[in-house]
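In what follows, chain A forms one complex with chain B and a second complex with chain C.
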Partner chain A sequence: MGIQERLIEDVGLRRGVSRLTPEIIEKIVNAVLKGETGARLKTYAETCMRCGLCSEACHYALSHPGDPSYTPAGKVHQTMSVLLDKKGRVDPEAIYGIAQIAYTECNLCRRCVHFCPVGIDTGYIMSTVRRICHKLGVTPQYIQDTSHSHSATVNQMWVKDDEWTDTLMWQEDEARDELPGLRIPLDKEGADIYYSVIAPEPKFRTQLIYQAAAIMHMAGADWTMTSEPGWDNSDMCMFTGDFEMMGRIKRVHFESAQKLKVKRIVMGECGHAFRSIYDMGNRWDAWKMSPIPVIHSIAYFWELMTEGKIKLAKKYPGPVTVHDPCNVVRGRGLHEKLRELVRFLVDGDIIETASNREHNLCCTAGGGVINCGPPFKNVRVAGSKAKADELKATGVKTIVAPCHNCHGGLEDTVHAYKLGMEIKFLGDIIYECMEKPEV
Partner chain B sequence: MHPPTLWDWEPGQRVILSSMKCPEACAWVEEPYASPDGERVAALASLAEGGSTALVNGQPWETPFDKAWHPRFSPDGRFTAIIQQDGMWTLAVDDEAWTESFDFLWGTQFSAKGDVIAACIQSGGEYGLCLDGTPWETLYENANQPAISADGKSSAEVVQVASLAQADIEAFQKGVFSVAVDGNPWDAIFMNVWTPTFDPQGKRVAAQVRTTLYDYSIAVDGQKWANNYSCVWEPRFNPATGKVVAPVRIAGAWGLAQDDQIIWEPKFAQCWHQTISQDGKNIAAIVAPQFGSFTVAVNGKPWSISLPVVTDLVIANQGEIVAALGNTDNRDWRIMVDGRFWDGTWDMAWAPVISPNGGHVAVKVEKAGRQTLVVNGRVYPREFTKVWEPTFSPDGTKLLIRALDKDAFVRIVATVSQA
Partner chain C sequence: MNAAYEFVTGPLAWLAWGIFLLGSAFRLASMYQLAKAKDAPSLAFMSWSYSLRSIVNWLIPFNALGWRKSPAMTVATFVFHICLLVAPIFLVAHVMLWDQFFGVSYVTIPDSVTDILTLVVIGACLFFAGRRFLQPDVRYLTTGKDWLALVIVLAPFLTGFLAYHQLLDYDLMVILHVVAGEIMLAAIPFTRLSHMVFAVFTRAYMGSEFGGVRHARDW
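After this line comes the complex of A and B, so read on.
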């Protein structure tokens, strides 16, 4: 049992490894360890007791019972521990397996932190392994391509400048047929809200832009979207380990909002982007917190609900279950607001999965894993069996999941395990159920 | 041309438009824009019967169009909007559309005086720039980050000079990006190019480049600096010497390099938005001496005051005044001038404006939904529904205030000493 027995061919990993020598690896590993890590990594490395409690935390381990190589400690043992023990002098082939574990068998969901008696953050360790792999040039092809896209276009899906604005105008046109007078105000200086999304929305989830515009319109929000680069709040560079590019795209994002003198940023239903904005990217830029308050859609919709700005014409038929996205629940504590909002929107109970709230099982897509693309789809879906079992046990037909990556992952899980469940964004339900004037 | 020397600088107030209310023929009127001289106020409007127009001092343009966006006044006072007619896009300037139209048009840019107008275009899936209605002869598979020289005679963009197959990481890392100046690409190709910028004469272009995933540098007219850095930010030309100054990151810390030589030791957690006085003798930049604590450094020396966020750095022509804004959590905005806080905190503040002769500073601010100005540290005695950034007269003795007073657009000339 171990990564060498389950290596998967990937163009990016193979290309990267082909250019390495043990000497190059040693130099780069030690440069990262010496220059970019410190007491935190050393403490984690020295305090892990191999107690195994983390094996109950990881959905990969739960989905592969009896295989310790999928446990958080097992994954650290096969990656960072090797690099530390051998002082960075490892063979290129070893780097292939190390990269495959770090990029495709850990979602950086940090559930294991809650189970570790000494609080070891395996997500941080895996991020550091990814940073080393980035510096070695060993990254999976598809996520590296999204990182390239970020660098060239400041969005993750190669959306060109005109395509973005044209899409907003298209959605505005469509929405006006239903809601006359609706605007998607572009570059409105001094607006209360700067609304930001991730690039999959203009690329293939345009209905989410439509729905957001409809909700903003009906709520009477003073809002704007930028026509300039910076509109995409997502960040695959954070996940490849290209932190310089992470800082660059976060700077563009925040400065596009600062330029418009808005009061706050409201972001769509995305989990990882939230972590990039309030934790990782902002801090690489030396901002302690986000320089402009960033409100996730869960919190924003909750605010609209509590202020009476969303009025429902009907409730969505329940019961439903709730999927807690790691980065906004374990990372930000929005789980109770999420449930209050769902109770407001749904006619019926919330049937909780066995693991819920801050102990929720990951969708197995996050942390950039789904972005590693088709080569790793099967292992990803296999890793979500534990999640599938919990979802099936709820007996409900609807999963409410306020995160794009979670949607992508859960769609594969629902299909693979024949769960027969639909997956809804909050915006889907609010748009469907809110009062709208008759045209 | 309508330079500031010819504007009406007679002290007093004039009501330019008594009511900004939506006319009956319009379904709604969008956000207003004020001309630099304060003689006109304009907004795009949606017509009740369909289509759009522009209202300038309340009067609609003669020719309506299907759609319009990005309304802006040029520095010389012409009102522009990007318009769509019959599915094609172009720019309308004072009610007259360019004769050329394109599949899409965006990103209007102006020369310093406003006599030249440029915009990004997409035509048949190819990208480039268009100056006063004339597109570059060569267009590209993609182009972004437009720049126009101060005199408007030259323009530049980052361009993609070769195709990329889907997810072709090999080809991307070999490099497919360059800078096109007036449509002609540099000979050099890079993995990435960002923020091309012209020198004051419009003859040279500098840009950030990345040659590998890890090596960043500055290229000037296609020639990369010899040294690589772990990161760089946008370069600026010294207006007096022509030297190129850029923030560079070495071993996790930021400093400033000039023509590839370190002039500010890399000791900052952040360093960006460097600004150089016209005489070339003073360089200011926003810096973070420690993580999470920002201030301004002038010629390498940080101010003693700091806040979690600092923005909107400006420097006087001769460098005698340096001003910026700071805030905490995008609230409690403070005005920072020459290393000291002005009194007062604001819900929002806009970039400080320094008089041409360098003697005065005025700042647009907002509190509790009302806007006013702070002039040389004193709060202007009137509040407005909205005020635009102020403009000093060329001799620095007067201040032009453009504002919405309740529902009226007013133009006020105040004496700076009494403002």
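After this line comes the complex of A and C, so read on.
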């Protein structure tokens, strides 16, 4: 039982560990513990009563019944507790396992918060373990590549500056066949809305940009996108533990919006990016909240709905189930707005999964886990068995999931457990069902 | 025996209470200093109302998701903590001591009731110990510190029970009981029992984050 029995080969982890010595480890672990953590970590480590109440919380544990090494406190026990107890004096091999747990066996979803009476934030502890691993240079290769891309290009997918504007113009062109007056306004100063996306959208989900433009157009929104770096709100550095880069890319993002003097940022249907702009990145940059109002698509579409700016030509055939993305539900409480919106869009009931709203089960892709790539795909999918069981029990054919990461994870889950369900963004449904003028 | 009794209820009691009160104050003060130095981004979000909201909601049995998912543990935890506080504070013999030393007196509960409360505490300790032995996830997590905390808490109640029923040497039991109680007091600031001092703050922080920033329940 435990991580040593399930180590997975990863080039990034292996190479990182090969460069370590016990002296380097001790020095860096203590530098992070002393320099970057304080009372929060200390009280968590001390007041955890080892009661096991959180075991029932974690989808990894639920999906591996009888194996306590997947429980929240069990993972802390194998990682942070070891580093603290041994005061950083651990050997390089141990770091391999510690990194594998922190990066690939915890989604930082914070469901365990609802189970711990003393209020311990396991997500924070695992994040801090990742921070140490990043400083040690021991990160899974795939996610590290996206982190490098952030450093080099300020976006996650190595999208070049001209490719970005090219993609927008291409989507605008395409969309004008359908909606002749449509524009994707670039760098429009003083616009009401600065629309931001994640780099996978121009890279391989361009239809999402198309759909967003169509919805903005039909709603008559005064909106813009920036042609400069900063357009990507995603943030893998937050998940690798490269907080310096997290801070830098968030600053570029916010400043690109400030430069255009927009009233607020509306972001696409992404969960982790919301965590970065609303919770972690802004704080690293010493902004208590974001320096310019930012709202998630769920909230923006909800506004459009209540203002009567989405006119439906038809409703989407239900019943459906709703998947609550951790970062905007446990992270921002958007679950009721999400349901109001779905009821407006769908003809038929919402069949809830057993764990819903703040108590949702994570898709098992979040927290950068899916970004750790193919070597860890099987573990991830195995960890989502509990989610798959809940989805299956709804008996419906459609999952509404307003988060890119959740989509990626749920697609694998639906496929692996043969659930035969389709997964929809809100934007997919709105675009499909809204009134469009005849051309 | 008399001299020993005098000693444990006199100087040793002062020492134990001193360590408990000053130790707790010291730990709280130094933790607050550390928080100010290192956790400013967390302190910034502390809110009275959301702290209270969280604490109250967690004090209601079966209200939080975690309580609901582990019913036996929930019952044990609540009953244990209530009896643990009520039994020693309102025991006739303890109130008499307060009266004898400081001239303060307050309500008591009948000994027959305290006797049951004591048994409940002992029973709950055995339940916790059983989980640590038998339930795989809890066994996996259990360390020496957790056993120590359990033994420290069990000892005064067990010896108190034995003394009250005069099952073994009464005089010796009373002295052991007093010493065990004093060890428990003195251990609070420096063992796992420190959750008595800190848990309200960890809970409050979680409540503040979830209430003020995340706009979601944390229970």
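Basically, the second predicted complex is superposed on the first by the 439 of 439 C-alpha atoms of A that agree within 3 Å, B and C clash if a C-alpha of one lies under 4 Å from a C-alpha of the other, contacts with A are read in each partner's own complex, and residues count from 1 in each chain.
Simple rule for what comes next: a residue touches a chain if its C-beta (ideal position, glycine included) is under 8 Å from a C-beta of that chain, and two chains touch if they have at least 3 such contacts.
Being a predicted model, the structure only gives us computed values, none of them experimental.
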Sticking to the clash and touch definitions up top, decide whether chain B and chain C on chain A clash or fit.
fit
Touched partner set for A:330, first chain B, second chain C, both or neither
second
What is the value, to the nearest 10 degrees, of the angle subtended at the Cα centroid of chain A by the Cα centroids of chain B and chain C?
120
Looking at A:57, would you say it contacts chain B, chain C, both, or neither? Reply first, second, both or neither.
second
Between chain B and chain C, whom does A:47 touch in the aligned arrangement: first, second, both, or neither?
second
Partner chain in contact with A:288 - chain B first, chain C second, else both or neither:
both
In the superposed arrangement, does A:117 touch chain B (first), chain C (second), both or neither?
second
Looking at A:307, would you say it contacts chain B, chain C, both, or neither? Reply first, second, both or neither.
neither
Which of chain B and chain C A:153 touches, first, second, both or neither
first
After superposition on chain A, the shortest CA separation from chain B to chain C (Å):
7
Indicate the residue numbers of chain A shared between its chain B interface and its chain C interface, in ascending order.
36, 283, 288-289
Quick check: in the complex, which residue numbers of chain A touch chain B?
11-12, 15, 35-36, 134-135, 137, 141-142, 144-145, 148, 151-153, 160-162, 165-166, 169, 180-181, 183, 185-190, 227-229, 242, 244, 247-248, 251, 258, 261, 263-264, 283, 285-289, 291-293, 373
Within their complex, state which residues of chain A touch chain C.
1, 36-40, 42-44, 46-47, 49-57, 61, 66, 68-69, 71, 73-74, 77, 113-121, 278-279, 283, 288-289, 329-333, 335, 358-359
Considering only the defined contacts, which chain C positions touch chain A in the complex?
31-32, 34-35, 37-39, 41-42, 44-45, 54, 58, 64-67, 69-70, 73, 77, 131, 135-143, 146, 192, 194-195, 198-199, 201-207, 210, 213-219
In the complex with chain A, residue positions of chain B that touch it
27-28, 30-31, 67, 69-70, 103-104, 106-107, 120, 122, 127, 142, 144, 160, 166-170, 172-173, 177, 191-192, 194, 210, 213-214, 216, 230-231, 249, 251-252, 269-270, 272, 288, 291-292, 294, 308-309, 311, 329-330, 348, 350, 366
